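There are two complexes below, and they share chain A, which is joined by chain B in the first and by chain C in the second.
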Partner chain A sequence: MGDYVVPGEEPAEPGIYRSEKMCLAQLYLQSDASYQCVAELGELGLVQFRDLNPDVSSFQRKYVNEVRRCDEMERKLRFLEREIKKDQIPMLDTGENPDAPLPREMIDLEATFEKLENELREVNRNEETLKKNFSELTELKHILRKTQTFFEEVEHDRWRPAEGVADQTRPEDSQPLIDVDDEDNQGVSLAVASFASRLRLGRPEQAGSGDTIIPPATGGGSLDLGGEESLELTQQLTQGGAGAPAGGTMFANFGILTLILLKTVACVKKTNMMLTRDAAINSSKHEDLIAESASVTGPLDDELDISHSQPDAHMPLKLQLRFVAGVIQRERLPAFERLLWRACRGNVFLRTSEIDDVLNDTVTGEPVNKTVFIIFFQGEQLKTKVKKICEGFRATLYPCPDTPQERREMSIGVMTRIEDLKTVLGQTQDHRHRVLVAASKNVRMWLTKVRKIKSIYHTLNLFNIDVTQKCLIAEVWCPVDELDRIKMALKRGTEESGSQVPSILNRMESAEAPPTYNKTNKFTRGFQNIVDAYGIATYREINPAPYTMVSFPFLFAVMFGDMGHGVIMFLAALFFILKEKQLEAARIKDEIFQTFFGGRYVIVLMGLFSIYTGFIYNDIFLQEFQYAEKRLMLIPELAFDGSPYPIGVDPAWNLAEANKLSFLNSMKMKMSVILGITQMTFGLLLSYKNHKYFKSDLDIKFMFIPQMIFLSSIFIYLCLQIVAKWLFFTAEGGTVLGYTYPGSSCAPSLLVGLINMFMIKSRAGGFVAEDGSTLDLCYLNLWYPGQSFFETVFVLLALACLPVMLFAKPYMLWKEEKQRREVGHRQLGIIEMILVILAVVQVPIMLFAKPFFVMRRAKHQTAYSTLHNEFDRESVRADMNGDDAEVVHAPIQAKPEGHGHGHGDGPLEMGDVMVYQAIHTIEFALGCISHTASYLRLWALSLAHAQLSDVLWTMVFRHAFTMDGYSGAIATYLLFFVFGFLSVFILVLMEGLSAFLHALRLHWVEFQSKFYGGQGYEFLPFSFEKILAEERAAEERAEEIASLQPFNQLFVIIRMKVSCVVFVNSVVFFVLLHVDVRLQRLGGASSSYLIIDSP
Partner chain B sequence: MGKLCPLLGPKMSAFCMIMSFWGVVFLGILGVFFYIQAVTLFPDLHFSDENAVPSTSDVDQKYSEKATQCWIAAGMYAVTLIVVFWQNKYNTTAIF
Partner chain C sequence: MGILIPLVSVTAFWALIGFGGPLLVPKGPNRGIIQLMIIMTAVCCHLFWIMVFLHQLNPLIGPQINVKTIRWISEKWGDAPTLIDS
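Let's look at the complex of A and B:
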């Protein structure tokens, strides 16, 4: 395939046969008109722009600002889109395709988007603030409500301790705790807490009851109180506690707390009145004292007088007992509780209550569960601690007045404010909704427009700017046939922009290989994709796709031949085709579905062909069907009644348990050899068309002809033998081709015959000895007159072709090269000699001269670097954005090497040519053999499919018929379901997939290697349609990924799916091996290995 | 329209619909083949051990019995088809 010369003009051929003829053209566009022209070309989608500034970074290009603006617009639109989606407003997506807007329209668009974005942002900001306020108020409302219940509960609870310890009443004035040292106080309070909890709840601790009392972990580590002491204290407290109930009405709110802080009990009662008054006196000295000790050591009366005077609105003013109320996220509560306990050494009392309503997070808007808490403590130091902890846990603290009246008032105030806020919030949301609804009608269209603008500027960035800045120069690849349409588009673009100077399209000559452009429609695309997946065709070489359209489904069907499965496949694909529009509109993103949907036309053909081959094989769900009369005899000689079965395989074979497979194997094996060799020969013939098209006589003479002779003298001859055997050697004896033929036991063995042919072994002719007895090994003998002569000739011919293929072409090339040289230099032998010597001398110069000079220059440069560095560069690169005069060199594109080992261009490299030729020859000669063997996979897979279906039928469905009566009917009903399910998923899907892959391989390797270069590159036209589709796909992918991220389980599921497939595959493989073993037992050749791999 | 006795989701019922339609067709045809005594189906006939070499009348009777069996199963699939169709019709919320 090597030596293609660039073709000249030739008659047009239908589009699909070869790729489109392309040409390189220069476009001169006036700078005003360039935008419009590119837009028109983008709509047309038929030109591929070349980058003329490959060494300019993308930030230095002329239209980088515009591109940036477009990016910005796109960002804004995406923001809008996100907001719209958040509000769940349906987006109008008519799929209409607006024209690319004019450049001046871009400013309008920008302004619109700017306005929209700002408005939206502002609304969002307002809304956020409002929502924050709202949620704060709601939380406050809840706090007020909940604390109310806390306080009310206490009213009810405070009598209970009294009942519990009624018989232990002690004088209330006894103050056992007064004497306790400072250090011990914490322990005291803890012990009290423990007591309190026991009292209240009847058991030491009860979590989850809504109001938790901090557990009295005496071993909590933070206490330096001895166990004994603690015990003692507890006892004392217990006794002291008895006095509590008498504590007076002021404890209404703090009933539980009074229990905790029993040490104050005695004085509390006395100072009751004092506390309820508003005490204004504040003594910082005492305050400190209280804070530090958090207990009562001195005269209580004194302290109580002053402690409540803390002018803190959040704090209750009673006692030294304070509380803070706030809201915290429910999940944080346990940690919060523990930290409070640890950090405050159990000196605080926490009560919580869950808010039943689900609140919304102000920032993210996600629902969160929160809990109201209230913490009681005493003293300043604890207060700071508690506050810090609250802060750390992001709990919000709210002021909570301590009297019921105040709380009620506040509650009412909060409610009114909430109502107001609701109104405002509703209005804001309405406004936002209106804005978004208005935007949602246009947002998709805007996005399309912006993307178009962006792609246009991207394209313009590839252009070269003329010296005068009046026009832009572009280089494009375009199909020659479409030049008119391109010119029209340019004209339209120029007219639209109102420019007087027309745009010019100038065809250029180029030695560079043009891109490959195959026109496709929705039917041919699937097949073209199959071909392109192997390699893009070299420019203008024969496109295998049209042949693939026939041979691919056919080879698939040979392997998959089963009418029932074919019908299933056909119907599924037909459904896809008929519902094409709806399914495309539904935009199902499932990858597996997309694969099947994309290949629907391939699948429909595969289904049809399978029905055909199934009919020929007489298989329907492998229940080979027939409607002839019963034939129970199995031996062909006896069973044949003189009238052959009209079409396909005779179903009578199905009853021949013993020799059915031997018959089918031999038949299918021969059939696959014939099919394979036909396809290979066809491929070789196509290579002739290629050589002819590229005017490569040498290839025709020294490649194609020897290859053809090689192939026909061995393999086509084999095919002829097969056909002859089928025609002449029947079950009955007689005279065949001049020899007496005793019967089928003497039918010639072709495989051994082929081997003998290569070994040129002398064999006897005929099957019977002169005395009429049948010869031993008669099937190995010669079976037609002159066989030995012909075979010798064929083998010798094939062998003779090898050196021709190997050496002829390189030799001819070499000779040609030599001639050319000699014409030029016949008289210059001596000069040549001198040149050679010179060349030899060059070697040391090349080696050393440059380093030497480089070294010298380096020295030189360090001395004069400031002077010279501006002149170092020879060409001045254009500063695209500046206003200075500019020098632009149209960069000379590096010309890629012409394909193959061409005549003419450049000196001939004999080594390369030889190696290439050797590889090619070996590949062909060995390939012919291995490829023929490889085609046996047709037989192997077809057999495997048949056997697998057979297994499914006998192992599953047949059991239904062993039962009689109604139970039989029910068994049929159930087993059919299993049978059908397995048929679809294992036989149709998995077997279909494997047959598909094998058919693919046969096309890529066995067929295309005969003629297909596949060294081209794809034509990628600048087309809005494509760009928009790509952007859309990218968008959807991003969405999908975003939606997947939270669901890592999905990946697990996918992985499970994959492993399931692997598992099923291995099961199938196992079954296949079994079939193989069974075959071997039956005497059939084992060949399932071919399924796995073959040369 | 409210859901009437929702047993199967839209996908499941669609799948079952296809399967039962296929069942009706396949078992119907299979029954026909049994009825015309297709020779390929001979191995599917099951004879009791004492009747290892069945007489022609036995075979004929067995064939027709199996044909009926297939048709009954096909009828059951027809019923299934109706049920599943009803499920599919009334229990799918609008997908598209």
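Let's look at the complex of A and C:
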């Protein structure tokens, strides 16, 4: 690891090629100044603090109280924010970045938040109570109003002419009573009804004129139902009940109830009469009373008047009828009714009326529909029962006075109280609104401030406190180039805090590998992310990102090559880039969008390169587009005029449906192999730069050189063969490289040649026999003089490289180690000699002492180094348990492999070195072969893309051109949309994604495996900007989850996507319109591929 | 067009970009990276072009075109200036 500490003195390279030089530094901060200094460093965002108290739990650290206070403040602010959001007050978010407040300001802030929170809570509580009162009063108001109508109905009925009344038996009102039971009941009710009407019809005249029906009448007045009618009624009822086959009790009850009701009303009427005549009777039982009853009663009271007019038959019956009134949720009403009926065996009477206004629930404040009900019953038992049922159904009962006067008074009182409450409520809400509006202007800024304070204290917790308590010691990783700025920041911090003693930054040496810090800008970030996704570069190792910036889009384009699709991609990414600011400000949270938006610079390059490769492939939406000069080369040896098509693939191939593919495949395969080997060689050369940088001669001599020989003797040789075949082997034949070459049938097959080369198979040379006849399988023969010699040499060379790669480096390391040991032995020997001279008798002891010392030294070293490592790791774990504001992540110390093994301080682990070397060698040797094959994916994907585009064109859009006239125009228009939609989604998005992934793999595996260690860890500086952004992102995520408006969002996304599709489609349409116009001009050719100008 | 004209002109084009482009990059922190990108772009693009060009330099097979298509071409565009006896 010593290599990493002193990384060579070669000229400074620009940052992006290697990670920044980092150094470990100690900061000595006065305790007064430490807060300000850390704040300044946070604004700067260039230092990573190490945890110096890894073994102290987070509860025992020095500034844990401050952190807690910050948490509390944050909680209050979040509460405030929620309240503001609830009232839909816009929050002022200027995005300004206030400085971290001084520690003493924290108290002010705390006080402010405390006050605000208390005030809000108070207001909320008041508001809640007020609202509850308000809704209760509203309900009461409704009850009073509705019951009033109940009571008034009765009176009204009394004044109605007899005929009308007779027709107006209200079945819906009696419904609840009848419905509950089965049909047998109907006998009863019918009986009642018929009886009623009969009575009514026979009613002679209106009695009790003028007097109100519903006085607080005496409950227990003796009742006279006089006359035959009442007897008949009783009989009918009892008969009806007895006649029923089952459920006798029920019917009896019903009958009794009806009877009671009848009697009750009669009683009331009678009492009225009696009151008018004789007020003294039974006034003591005033309160137990019924005022009104439902269904049957309405009509019946009329006929009871009749009974008044007749002499009383004096049937004494004690009655104690009462009622309760209340409000219940509308949807609970049916169940409530049924339960009431069943539980009280039909002995209660219920009347309901819906409240038209939507009321607010008293507790939750949600709007609910409610119904007023009034229940009549008799006796204490029923009363408790009814009350319990009401309770069970969460019905609210309200007192309802008996007399109309009282009711009127009460309702007037209620109205005034409601008005008062409204005023108070309005004032409360106004107050709350004022408070929140005032807070909304500051809340974001406060939140930023609090978060800054919190992160500062968090960082201070990582510091080591000096024994004297006057000074805090911090250890930081920072880029060497930025040391000046860091020092400036410290100075500023010290000055601001007014401390006299300056803060000190002291650079230290460390054996530990520093973090990897690559400076990026918005353009390079995308590519750096691609590289980092595989593994963070080892410290000061070559960063593949700059090379990826071109090779990645290029390899992508080789697979994706199509001008049309490239243009779509380019325009989309260009749109993102041009609208960068707006889109960033819009903070679109859609993940897919974010992915594309984040990679906009990658995509724009991919689009550009696709345009170029598509241009060379001669593909635009697969339609060849170069209408320039046209030559046919039907039979190459005859028709080919010797000058190839200058730029790209000859368009004539698009006419050759029969063998177009075999031509393109052969071309693309060769291209893939050459591109792949070029990239791998480039990677290997980068590994040379790496070794040189780390001054690892061993690696250059025994890793890079054999690897290079291996690669060139097989694969670069293959590339040369390909080029030679392109250059020398024509269709015509002639003399090629000393052999007579009869023609294209004898052009050598390179793939079989490569296999034969490995097998070192003896083959014939040349293509023609002595007599001039062409040999069988002439394409397998050797095709240049000395080929068999060269190939044997190459294969042997490659094979010879393997043991070198495998054993040379471990052997050299071992040798070095041995030499070092021998030095140690010699030293021990001298001591031994002295000892021998001093005390010859102690020789046997010395004999044992030597190995003992040696062993102990070795052991001690191992133990120390493991201990050291353990310590480092510990600090990591301790860091991980920090919460969100934690920035400092001390590293998991990864041992950098592959470089500088020989220079380590610890004892050499021969086994480890051998295993590592073996893996590396095998990986390289096999990798070269498999990676070369892997590059064939360039061909495969390019082929797939071209074929898919072809299918889309032939199967979908081409049909439109077979039609003439208007139908053709319509078909073109319609099919264009299908074609455009499929083009964008399948070809651009899906194919693009797959090409992207393959390009990614080619870079990660095939390219980077040649030189990239990727064993580093990321530099995570303490930066307010970063912390605030993270907090904000977390907040938004939480909001997103909380808001749960998936449909809303879905619509937005769909709308966005639809508009995108329409936009892209119109672009495609213009291009295709052009094609279409040309086709029309060509006069309806049978093949729509013929877009070739005449010469 | 012979072989030399496209070979020289396209190669010169990319060479101009590859060698001349880096010189034109204005000074700044990103100069190195832009230069590298220009050079690599020139190399990649030229490599790509020349591979396609070389592949067609000595064609071993020619396109097989439908008789119908050949007739259509012959009728619409006229025959090639020098007809070849097959």
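The definition used in the following text is that the second predicted complex is superposed on the first by the 762 of 1095 C-alpha atoms of A that agree within 3 Å, B and C clash if a C-alpha of one lies under 4 Å from a C-alpha of the other, contacts with A are read in each partner's own complex, and residues count from 1 in each chain.
To be clear about the criterion, a contact is a pair of C-beta atoms (placed from the backbone, for glycine too) under 8 Å apart; a residue touches a chain by one contact, two chains touch by 3 or more.
Since we're looking at a predicted model, the values are computed, not measured.
A.B. asks: Examine A:Leu675 and indicate which partner it touches, taking first as chain B and second as chain C; both and neither are also allowed.
C.D. replies: After superposition on chain A, A:Leu675 lies in contact with chain C alone.
A.B. asks: May I ask you to decide whether A:Lys660 touches chain B, chain C, both, or neither, giving the answer as first, second, both or neither?
C.D. replies: Second partner only, chain C.
A.B. asks: Touch test for A:Thr520: chain B only (first), chain C only (second), both, or neither?
C.D. replies: In the superposition, A:Thr520 contacts neither chain B nor chain C.
A.B. asks: So which one touches more of the residues on chain A, chain B or chain C?
C.D. replies: C
A.B. asks: So, does A:Gln60 touch the first partner chain B, the second partner chain C, both, or neither?
C.D. replies: Touch partners of A:Gln60: none, neither chain B nor chain C.
A.B. asks: Just to be sure I read the superposition right, which of the two partners does A:Ser643 touch: chain B = first, chain C = second, or both, or neither?
C.D. replies: A:Ser643 contacts chain C only, not chain B.
A.B. asks: Contact-wise, after the overlay, does A:Ala652 reach chain B, chain C, both or neither (first, second, both, neither)?
C.D. replies: The answer is both, since A:Ala652 touches chain B and chain C.
A.B. asks: Which residues would you name on chain A as touching chain B in one complex and chain C in the other?
C.D. replies: Touching chain B in the first complex and chain C in the second, residues 630-632, 652, 655 of chain A appear in both lists.
A.B. asks: Per the contact definition, I'd like the list of chain A residues that touch chain B in the complex.
C.D. replies: Within the complex, chain A touches chain B at residues 564, 582, 586, 621, 623-632, 651-652, 654-655, 958, 960-962, 964-966, 968-970, 972-973, 976-977, 980-981.
A.B. asks: Over in the complex, which chain A residues touch chain C? Could you list them?
C.D. replies: Residue positions touching the partner: 13-17, 521, 524, 546-547, 549-551, 554, 558, 609, 612-613, 616-617, 630-636, 638-640, 642-650, 652-653, 655-660, 662-663, 666-667, 670-671, 674-675, 678, 723, 726-731, 744, 747, 1082, 1085-1087, 1090, 1092, 1094-1095.
A.B. asks: Spell out the residues on chain C that touch chain A in their complex, using ranges where they run on.
C.D. replies: 1-3, 5-6, 10, 29-33, 36-37, 40-41, 44-45, 47-49, 51-66, 68-70, 72-73, 76-78, 80, 84, 86
A.B. asks: Taking the complex as given, what residues does chain B use to touch chain A?
C.D. replies: Per the touch definition, chain B meets chain A at residues 19, 22-23, 26-27, 30, 33, 36-46, 65-66, 69-70, 72-73, 76-77, 96.
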